[in-house]
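For reference, the structures are reproduced in the following blocks.
Presented sequentially are two complexes of chain A, the first with chain B as partner and the second with chain C.
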Partner chain A sequence: MLPERVYAALEDVVGKENITASKEDLLCYSYDATNTTFMPDAVLFPATAVEVSRVVEIANTEKFGLIPRGAGTGFTGGSLAVFGGVVLSTERMKSVIEIDEENLTAVVEPGVITWEFQQDVEAVGLFYPPDPTSKKTSTIGGNIAECAGGPRAVKYGVTRDYILGLEVVLPTGEIISTGTSTMKGVVGYDLTRLMAGSEGTLGIITKATLRLIPKPEKVITMLVSFLDVAAAAAAVSDIIAARIMPSTLELIDAFSIKCIEEYDPERLKNVGALLIIEVDGISEAADKAAERVEEVCGSAGATGFETATDKHDVKNLWKARRSISPALFKLKPNKINEDVVVPRSRIMELMTGLERIGTERRLIIACFGHAGDGNIHMNIMYDRNNIDEATNADMAVKEAFELTLSLGGTISGEHGVGTTKAKYLDMELGPVEVALMQRLKSMFDPNNILNPGKIFSGSASDKKVPAPAF
Partner chain B sequence: MSELESFRAEIDKCVKCGTCRSICPTTRVLGRESACARGKLTLIKAYLDGEIEMSETFMRHIKECAMCGGCRDVCPAGVKTTDVYLAARAEFVEKKGLPFLASLIFKNLDSSRLMPFALKLGTRFKGLFFKGAETDTGLVSRFSLPLVGGGRLMPEVAGTFFLDRKEVRKLGKRQKKGGDQMGSSSANIAFFAGCGVNYLMPDVGSASLKCIERTGSTVSVPKGQVCCGMPAYYTGDMETARRLAKKNIEVFESYDYDYVATSCATCSHGLKTVFKNLFKDDDEMRERAGAFAEKVRDITELLARDLGPMEAASTGSEETGSSDRPVSVTYHDPCHLNRNQGIKAEPRALLEGTDGIEFKNMKFACSCCGLGGGLSMTNYDLSIAISKRKADGALASGADVVATACPGCIVQLRDAMHRYGVDKKVVHVVELL
Partner chain C sequence: MLPERVYAALEDVVGKENITASKEDLLCYSYDATNTTFMPDAVLFPATAVEVSRVVEIANTEKFGLIPRGAGTGFTGGSLAVFGGVVLSTERMKSVIEIDEENLTAVVEPGVITWEFQQDVEAVGLFYPPDPTSKKTSTIGGNIAECAGGPRAVKYGVTRDYILGLEVVLPTGEIISTGTSTMKGVVGYDLTRLMAGSEGTLGIITKATLRLIPKPEKVITMLVSFLDVAAAAAAVSDIIAARIMPSTLELIDAFSIKCIEEYDPERLKNVGALLIIEVDGISEAADKAAERVEEVCGSAGATGFETATDKHDVKNLWKARRSISPALFKLKPNKINEDVVVPRSRIMELMTGLERIGTERRLIIACFGHAGDGNIHMNIMYDRNNIDEATNADMAVKEAFELTLSLGGTISGEHGVGTTKAKYLDMELGPVEVALMQRLKSMFDPNNILNPGKIFSGSASDKKVPAPAF
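Presenting the complex of A and B:
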């Protein structure tokens, strides 16, 4: 419970309509896509950077945690109030301030929904590529804070590659500008990149200047089936090795296909593994690339190859693809969802390794994801109430991470660390790196008020006491 | 165990992915998590677990919903969200009773005298509260009225109700069971009017009859038919909904027909699906409702699929132009037609196949108008704010006329066009054919 004095001070900043501490409302801000629950003490809906800054000042004086939140679609608990505290929702900060067609830039507020922004820019022939699977729900602010990726990353890169500059409220209350609105800029340290992927622990993003590119003239979507996941994974490596640059190269294994069969039974029934491949660009170039993709897949042993001709087909295909993650719960009531990345030449080793771990631990490990950039979403399915399964699932995660790191990979490509991966942090980072990051955090946020309990919380090297809850 | 309790497993299917936020028209306007399915299901679960009471805040959040079914359609986990909301609404009615006005109306929906009388009385005094709008489609409230709200374009109650029209009354004559229609190639259609057509838009009813007749089919309008009961159903008053369903089924059973047609998307959904579900615990009635449901067709579906082509209209409708200067028409998908019945292509095909019409697609044609689920009654500000997207879409489409297939949507869209200053006529598809 927030002391009345604090509530009043916060209400004074954002207005009566934009603060709530009713149990009903708190419940609605207690979860995210991890499907775990932590009750906050209040939820605020500020409208401006100045309001955010004043809230941060109060948090520093009163020593309570602030948890920035976009649409709550994160997979690692970034927007959860794990120690209570006040959720800062960006739901009211949702204006596209400017789309500059001459300079190919845009200025947006953090609560803008990514897909809607993409619709706006595409209407004028421009393109904002980052497309996390949650793009129809998730916000630009959340995408930046988590450095979201998506299928198109294979060709176009991730969110951080499209941020030119930011307006950020620091954990100490100052409002700063980072970066530039120009294409280049090297004056001082790159604070913009530091903020991208900082998971709301170093600052609250209140405005972003984004880089846009021309919209590709043509997109060709192909659906290629294989006997098994190993064959599909080999084809992925072959495509990359053949110097083809698809705009999307998604792999879906048999477990995942099973869960989305109903979207298109004709195409999806009894398929061992699938690749969804897109090529784009100037019309002739896209056609040419599609031809080459077909050739390479043919030599790699594809059992079916189809080019989607109908816009509706493509939409339906992507709808099915976007539904995999939540639909996996049809297999088992609980899942551990990790997004490991390996160098692209080693995808087959990763896939066969994961299969082995699954067999040994008697677990379903459903895999799908952005194979084109080496990023695989592995989902360890289990039943929390079955102690044997739960223990095995835990062990399987650790083994999968070990496997990933041994292949030269990373334990998270786009979901972040948050709370769910915190305990594995030092598997990938050395003690010096972790200590440096923690020094950075305490320099930015001496009172540890901003998103406490994230990234470092479970780490053995973490000695920081989180901000007190009321 | 309460009815709501039986939905616990359904609620538990929600994995909180947030996909529902992307389509929810209420979330778009309110910008609050409590508006989307993920929030609503969380609250209902907390209520079932005894964590929260049946508080005003809880009930308000659940009712911040036009029951469009968008969240149900996009949910990757397949949660039947609207069923859960309905069970919650029914629980509210069971525990808290109906609001006074709603109970007054619902009690009298099946009276063939009282409702018309009350509505007629209302029209006599309408000048006190409403002024005529610049458009000829309704009345604008002079000041904020309870349940109405200020500046609202209200549909005008018809001078003569559809079912009272002379030519319609003639069609109420009972056809002899198993008469000489047997073996005839022409279909026999029984028309269900519904309140929107009967009280507010009798011309839509007459246009529907004309379209049916132009296919060479014969049509009757069964006497004694009453409200379909969907307003009560969506409010959670299952008792009233059941009573009305039973009455309607009885009335239609005494007529001979190949199809039951209606030009209201909500009615056709109700007749087709809800009637059956209302009699879960009554085998006999469920069977009768099922037999009835099989014959029910929305008018657009009936004309586009089941009946033969229409003869050319003897006189062009006033809305359609000539082939050298076609009228451009766009189409709004009623949720109860598109989402609940999968009827999307049929009305478009009818429009595209009509001479003098140039069809233009509207962006987000299937987003909700905001009227449904009782929202326009319980929370008009939210309801009309939702409709802004439709006014914007109609404007951007560049069409002269917005067609749809539901009197409810027509009422709301006309209000939206008036409110947001978009000068477009809103009509029912059948008025253009």
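Presenting the complex of A and C:
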């Protein structure tokens, strides 16, 4: 529990109605998508950068951890108070300050919900591509902190690629501006992108200037069936190798298909894997790309090819895709979700390798995700109360990471390291790289106030995590 | 001069034929595009990251500055030995190690010439967009260190956007890997983009993994004439506001037009400003975009509109564009070239403001550049031996930066800070931001070995520049 002195100091900054330590409230800020819970000591709802800065100063004086939190949809525990401390929610900082239609830029506060922002910009013919599957709930601030991706990253890139500048409160309390409002800028070091994907450990984002692009004139959505996942994975490689640039190229394996809500047994009979493919651009370009996708998929052995003919169809298709992740719990009560990435030509090896690991470990490993950029979400399903299954699940994660790295890949494409991947950090990064990153963290945050226990918690920095003051 | 002991130690690393301290050789590595010269104490040509690492270790032991150098085409003195020291040329590290046609990636050494690499990838139907005007000479390593842009940045982004991973020798000698070989990756802090644009002050790039995209099927190049620069600038804003995404949108003012080689007085009669506009994509998309560009330019008062009909035409047009910068010396013997950027809707205000400054200071300020992303190359022409002109030129730079910043812009879009902009750094960045960047520099390079005197030389870090040991 927070000492009264600290509570009063924080209350003085944000106001009585914007701080809570009631058990019911704390519970609401104790979880994320990892299915684990850690109770914070308090939750704060500051409204401005100045308030955030004053809170950070108190945290440095009193030496407690501050955990920035958007919507808490992360898959790696980035917003969890693993050592207690105070959760700093950006919920009240939710203004779209400006959409500049002449310059194709926008200025937003961190608590803006990504999907709502996208609706706003699309209403004026503009487009903000990053589309994490959580977008209907997750926030721009959280997306930036994690460098979120999504299905459209294959063509449009990730959150990092749409940030022009940031306002950030440093872990030592100073408010800084990074980057520019312009399309280009190379004055000084790139602090903007150092913040992107830093998982709330180097600063708290209080404002972002984002780059927008014209909204594509036409989008064509296709659903392509294959007998098995190997054939679908081969089609993914063939599409990329054929120099087609789809705006989305999603793969869904058989386990995942079975979990889709509204699962239509008749329609999906004998379907061992699906690709959802979107192409976009001006009308003629989209049509031409769709034709070429159909050709390549045909040659790769597709057994079915449908084009979504109206908005309703498309909406249902994506609803089904988004439903996979939660629906997997039909298979088993617990899930380990990892978002590995391999070079696109190695997807087939990854998928067959994961199948082998699943068989050997007697586990269901359901795979789906952004195959177009080699980013597969592998979901190891197990029962936590079954010690044998839990042990095998743990071993399967390690084996899957070994496989991924042996194929030239990375253990996280968009979810980050957080707490869940921290113990595997050394598998991908060398000791010199980890030490350099830890020196960076220490330089920014000498008291280790900001989001302690994340990224490096499995390594030497463990020792530096402050004992919660209360 | 290098002490014999040091020379021998360096020779031992790179071999006798790959080190020189002869005056003739040093002269060749004493200049860049800033038209100033600084003689280094020696020039080294290492061939591998291990050699670079050993050289860096010697520099730390003997405390002398190391200045990494690509082709020396920079406009801000980034590759100059302003305090003496040893130039480390990447000339011998010029292998294209791999072009992976399946995964649309390439691995190159830093000394690869950008244009040659582009020819290689285009030969297999792929595309590496970053195209600094120096591309026929400049290197990938130099482009990364400066985060080079170019005409195509308006659609395709800058060098930073095409780097997946790097091999870097740190200023303390360790060889690190950053980033991934995959399209996505968020494991740990983004050291890749921290290196991009760090102007050789945080590390020496020894290898880069680059992202490629499919080569556009068709490119249409248009030359559009206007009565004056205000009309052309308005057309630029109109094109962006009309949601057209040209692949190039270059503006050339009247002074620059006069300097173009092969200047055709008949053809360019009454032309006060030109736009070179390119659109690309699949054939139908390019055609449609070109039509829309013609419409918008017509409404904006274009007095002439030509489409380059064959490759020869296009080549000549770009040759003329590239010839402007050197040809400006026809006007005056000295030039200050600055690459300011403003939001695209403010280009007209920038151009008219620069015209006013030129009139008031009795100087020719010739402007051209990447108007599509708001990045204008302003060239203040003067005679260094005329004290009055030289003083006015200096004042004009400051006034132009004040104007740029008042319009929401930045003082450098792609050239970097180097030495020439260092004294203006504080105009754009606040003291907290500069101090943070200096702490970063000190953390990476405690002995200030790497490229001393750059970025921060006008500020507090001056004191930290090591006295050359010899």
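As a convention for this text, the second predicted complex is superposed on the first by the 453 of 470 C-alpha atoms of A that agree within 3 Å, B and C clash if a C-alpha of one lies under 4 Å from a C-alpha of the other, contacts with A are read in each partner's own complex, and residues count from 1 in each chain.
The rule we apply is simple: a residue touches a chain if its C-beta (ideal position, glycine included) is under 8 Å from a C-beta of that chain, and two chains touch if they have at least 3 such contacts.
Keep in mind that this is a model prediction, so the values were computed, not measured.
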* Of the two partners chain B and chain C, indicate the one touching more residues belonging to chain A. => C
* Would you sort A:Ser323 into first (chain B), second (chain C), both or neither based on which partner it touches? => first
* Which of the two partners, first being chain B and second being chain C, lies in contact with A:Phe305: first, second, both, or neither? -> neither
* Using the superposition on chain A described above, determine whether A:Ser345 touches chain B (first), chain C (second), both, or neither. => second
* Asked: Which holds for A:Ala153: it touches chain B only (first), chain C only (second), both, or neither?
  -> second
* Asked: For A:Ala33, is the partner it touches chain B (first), chain C (second), both, or none of the two (neither)?
  -> first
* With the two structures laid over each other on chain A, which partner does A:Ser237 touch: chain B (first), chain C (second), both, or neither? -> second
* In the overlay, answer first, second, both or neither for which of chain B and chain C A:Tyr7 touches. => neither
* Contacting residues of chain C [partner chain A, same complex] -> 100-105, 125-126, 146-147, 149, 153-154, 157-158, 160-161, 170, 174-178, 180-191, 193-194, 196-198, 202, 213-215, 237, 240-241, 243-245, 281-282, 284-285, 288-289, 341-345, 370, 373-375, 408-417, 421, 425, 428-430, 432-434, 436-437, 439-440, 443, 455
* Asked: Okay, in this complex, where on chain A does chain B touch?
  -> 22-25, 27-35, 45, 71-73, 89, 91-92, 94, 111, 113, 115, 134, 136-138, 322-327, 329
* To do: Would you pull the chain B residues touching chain A in the complex into a rising list?
  => 13, 15-19, 21-23, 31-34, 38-39, 42-43, 46, 51-52, 55, 57-58, 61, 75-77
